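Supplied in structure tokens, the structure appears directly below.
Chains: A, B, C and D, in written order; residue numbering restarts at 1 for each.
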Amino acid sequence: MKPGVGIFGFTGCAGCQLEILNLEDILLDLPSVVDIINFRMAKSENLDGPLDISFVEGSIMKYQVGELKKIRKNSKILVAIGSCACYGGVQYLQNFIEKPWKIVYNDKKMKYASPDTKSLSSYVKVDYSLPGCPIDKEEFVDFLKSVLLGRKPKMKSYPICVECKLRENDCLLEKGTICLGPVTVAGCNSKCPNNNYACEGCRGPVEEANISSQAELMKEKGIDPVDLIRRFRMFTSGAKEFQEAKA
Amino acid sequence: MNIDIHHVTRVEGHGNLVVDVKNKKIKVEFQINEGTRLFEAFLRNRRYDEVTHLASRICAICSMSHTMSSLKSIENAMGIMVSEQTEKLRELAILGEHIQSHALHMYCLSLPDYFGFDSIISMSNKYLDEAKNGLMIKKLGNEIAETVAGRAVHQISAVVNGFTKIPSKEQMNKVLRHLKELRPSVLKTVELFSSLDYPDFERKTEYIALKKDDEYALYDGNIASSDGWNADVREWEGYATEQIVEYSNAKQGIRNGHGYMTGPLARINLNFDRLSGSTKDTMKEYGIRFPSYNPFHSNVARSIEVLHCFDTAINIIENNSFKKEKNECRIKVGDGYGANEAPRGTLYYHYKIDRKGIVTYANILTPTAQNLRNLEEDVNLFLKKILDSSKEKIIHNLEMLVRAYDPCISCSVH
Amino acid sequence: MFRKIKKENIVKIVEKLMKDYDVVAPVRNEKRFVFEKIKNPEKIVLDYDSTILPPKKFLLPSPEIMIRFDNDKITIPENNKKTIFFGIHPCDMNAINLLDKVEYDEYKDDYYIKKRENSVFVCVDCTKANEYCFCESMGSDKPEGYDVLLTDIGDYYFVETGSRKGEELVENGFFENVDKNEKIERKKNCKRKMNIENFDKILKQKFDDKIWEQLGDKCLGCGSCSFVCPTCYCYSVKDIVDLSLKKGERRRVWDSCLLVDFAKVAGGHNFREKRSARVKQRMYHKELYFFEKYNYSACVGCGRCIRECPVGIDVTDVISKIRGD
Amino acid sequence: MENSYIPNSAVINEVRNLTYDTKLFKLQFKDKNIQKNFDYKPGQFVEIGVFGYGEAPISITSSPSTKDYFELCIKNMGNVTNKLHQMKKNDMVYVRGPYGNSFPFDEVKNKDILFVAGGIGLAPLRSLINEMLAHRNEFGKIQALYGARTPEDMIFTDELEEWSKRIKVLTTVDKGDFRWKGNVGVVGTLLTNIKAETENAVAFVCGPPIMIKFVIQDIVKLGFRDENIITTLERKMQCGIGKCGHCNIGGKYVCTDGPVFTYKQIKELPEALQ
């Protein structure tokens, strides 16, 4: 029996679902190994369950909690995909702004209004997390294969620098930029440094992230503490380690 | 009669189409219940060189357009003139995005309706060649974006005043080769989409798109309307306003109290004479004529745009060589405006930047938000036409109409 | 055998060699240098300071496919392509000699050995020591085990051969004869020093020194120090399958004792739980454990780990601190 | 040249549940010649693998006198072991080895022998115990102490029973249940229940790291000399042949220089008993 898979999206840019659709080379082969039971972005006939694996994108607004709980109930394995689902995503930044609802909606009361956004794990048990803004599609496929093999998927426990060093990029820390590679979990093949752009930490903190040492280093390099803190608050400002980062 | 299409499928994001028919009076609400993200709030207090990567997260499918409009608006505010090479590369990147997004829409989201399937995957059982064609075109769109800007979804290397990395000659040649190899599939696409059996429905509305004198405007241009006016991007907020409606987390674009249309159909209706020569030849060959007032013909417009994008991209790569350039810039206080044609229509950014380079104000008009009112107006009229059909058929037809707009809901609720 | 070759002929000789060999040589990469399989010999830079990754990236590549499997069928990838390493520094050559100790030990590493034996090593004496290297202290400024050695003598490179392979290589028109007694001076140019006298005894005493805690607090756990080290050889094995789940490959990738999971076993026990223990492990393995096993220090003083460590953890500094210098 | 990394296929002849999470696999190389020439000594291990999952080092638990098969006792701990646990008779696995040094055998003849095993640590010792029992008269007094976490965790209970007919065997569990009538407490506590000659005697200690650490201390207190305390070390391994670097401790590799070490050697190795 092929495992039943559901792909769901909540609050976000749909980039992680899109990355799945961007698997052009294998998209049409996927049905030979899984039954895609629910994928509203790509499919019009969808069932609620039962699901062996559900991949859930997006952060959760209060009025979406019920729907999320339903998915949880219907799924054996629930996987948070993308930094929105894992950490609240970029929209978590509204928490650092005064009166965001006033700025955007002029404080109007609205039917679906809910100025509050959280990660999946704030509401339900999450079995695995595939962070990234967006997810790395290769990592997604690796994950899927692991589950299909019955192999416990292993999250990477080393930072971006590992991938970056293997590509022999000129280290951006040396250039005096704030590269969060040393404290960010690997898995994207150091895409940003490969493009000569410092890691923005979109995948969230790595296990044992040594944030205080990096902050110390940045201070030595003359980085303005305000800039450093802002850097920690890009796509995973909901991550505890990044939020607590002090300059 | 009451129709509540809860969570319309095969569109990006969460929206319910709710229609209430009482005594021949039709009330239409496209309720966008996508979670609110409040970009215009949290982009404030961020530095000019951070906001673009944040802004691109408004939408994955058209992240490239958000990147470009955001950058243009910052550059406009700080008085930066980018190099010609940067313009060319950006244009190329935008072409890639249009190819990707249109292919995604046409083949994955729309075509299954016309072939009677629920998705590209089930469709591929019977129409494998078409499905593969579509995916290969889409893949190439992504390849262009990745080559030029570092990643297909949420670009990396496109920054204020240039790029952090310039694609190598080998990479460019590879893209060029793929464009040429795949062009015949695009011709097939035009043939296919111009021959589909579209619902018979017309409603003339105001069409708005960027316009340029000498070329089919995608990356740049003035804002122009089928009503005849033409304005600098700076003046846009004077022409159109956004309205907050209580049932929808997306605001709606309004002009003079009515909706207007932006997107592929609007562009072709306004600018078809500026399409590339070979594209025009192909249109002639297949007997495709514009303007059209049938929103379902957006699909035909998309297929034509893909061909135009292919030819323009080939032209850019063949006639330019790219080298490393400096992209430093100086912070300046200012108000900046930027717009470009996203796959779904005109995208507009307005930033205010203070003397420390911090953004103090952000206003973003996305194509889908602008189209929402017009979409409701179309649904209203279309429904009158098909009111005698079975409810099931009505629902299916309405969904198809919504899809014809290819709404990008996360864009609309940004 | 002694010869000399005009500098301008280097491009020509490489062009010629490229017909029969893959030529790997240093080229410029942004601000730094890297070893690359050469397509255009003009790009070769022989007066470089140091490359980011050492030549091990070709001899012990990461990833390296070890086995291909397809249901019950196993195949071993074959690569019999001959490679010339053109322009590697004495320190890197000595590092390869050290890798040999591991890979030719009781069990042989077939993948390494095949590549090793299909390779020719043309060393170039280092003229541009950067501020990080301390090869003289480690005695690895003297090249050993090369097939050909080039030394910059102005318009020419002075050429010495060290093996039969090397002699065959210089037997062609580009190489000119030299005076038998022409002697060349090797410039000593390391700025950094490390005192290795009795270091084994000292390290043994300092196992519980508080310096390791301090370094552990500083270390980012990025593993850069080991990835760039020409003698770090640790790896992990991973099986990768395609969607059929039946077909795939067994690969190895570089691993590092600085990474959290390096000594973690099934069930979660970590034999090196603390970062301080991991920083210490690398330094001890380089400077002491390897010595205990093979009688050589595993450090050739190339300075890459110092250069690459973002937080400035510096083996020469650590050793001098624990010596109390 | 033989490629040291290429495993040989072996067929699972039999799988037996020893506990809820530990199974005994009886294996046979597919190639009869390989099986015939498969010589190993107690204490050695193999790398057993399943393609797609990886390889794991597992001690050979059968005694070398069994010629036409070998046995592995495997606890389900992770990917490879979990996959193995799902496999059945006639399924194929891939095996390389034997690797590592071995327990001293001839050297300890005519001495008294004390075995102390904890948990899965009985698996490698079983090979040695059975080999010694096959040459029973060449050794002095043999005693075996075995501790498991709970009664459900005890492996080879039938053989413990068998052995107890010929040598002294004591068992204990960390935590009993209502059926358990035997000793309760960590295996070290059993040491107070035995009389051990320590002069001409050797102790073999095998089990989880933490158990080894404490039991060795107890045994030292009994009077065993460091070189007569023999144990095995466990470390992560990817290759089993001294290349991947994971099992390095001091100047040694557990895979090639071990896994068997005397306490005397271990004392020289930094962080060996972590």
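General observations
In the analysis below, a contact is a pair of C-beta atoms (placed from the backbone, for glycine too) under 8 Å apart; a residue touches a chain by one contact, two chains touch by 3 or more.
Computed from a predicted structure; not experimentally measured.
Here A-C and A-B were compared by C-beta pairs in contact; the pair with more is A-B. Put simply, the chain nearest the middle, going by average C-alpha positions, is A.
Each chain gets one centre point, the mean of its Cα atoms, and the points for subunit B and subunit C are 51 Å apart.
Mean C-alpha positions place subunit B and subunit D at a centre distance of 66 Å. Each chain gets one centre point, the mean of its Cα atoms, and the points for subunit A and subunit C are 37 Å apart. A straight line joining the Cα centres of subunit A and subunit B is 25 Å long.
Multi-chain contact residues of subunit C (touching two or more other chains): 241, 245.
Shared interface positions of subunit D, i.e. residues touching 2 or more other chains, are given as 52-53, 78. Multi-chain contact residues, meaning those touching two or more other chains, occur in subunit A at positions 30, 149. Applying the touch definition to all chain combinations yields A-B, A-C, A-D, C-D. Across the complex, subunit A is touched by residues 29-32, 34, 52-53, 62, 217-224, 227-228, 240-241, 243, 245, 254, 256, 259-261, 275, 308, 310-311 of subunit C. Looking at the complex, you find that subunit B touches subunit A at residues 7, 9-14, 31-42, 44-47, 50, 53-54, 57-61, 63, 104, 108-109, 112, 118-121, 124, 128, 131-132, 135-136, 138-139, 142, 150-154, 156-157, 159, 164-165, 244, 246-249, 399, 410.
Contact residues of subunit D toward subunit A in the complex are 52-53, 78-79, 82-83, 86.
The part of subunit A that touches subunit D in the complex is made up of residues 149-152.
Listing the residues of subunit A that touch subunit C in their complex gives 26, 29-30, 32-33, 142, 145, 148-149, 157-159, 161-162, 165-166, 168, 170-171, 173, 181-183, 206-208, 210, 212-214, 216-217.
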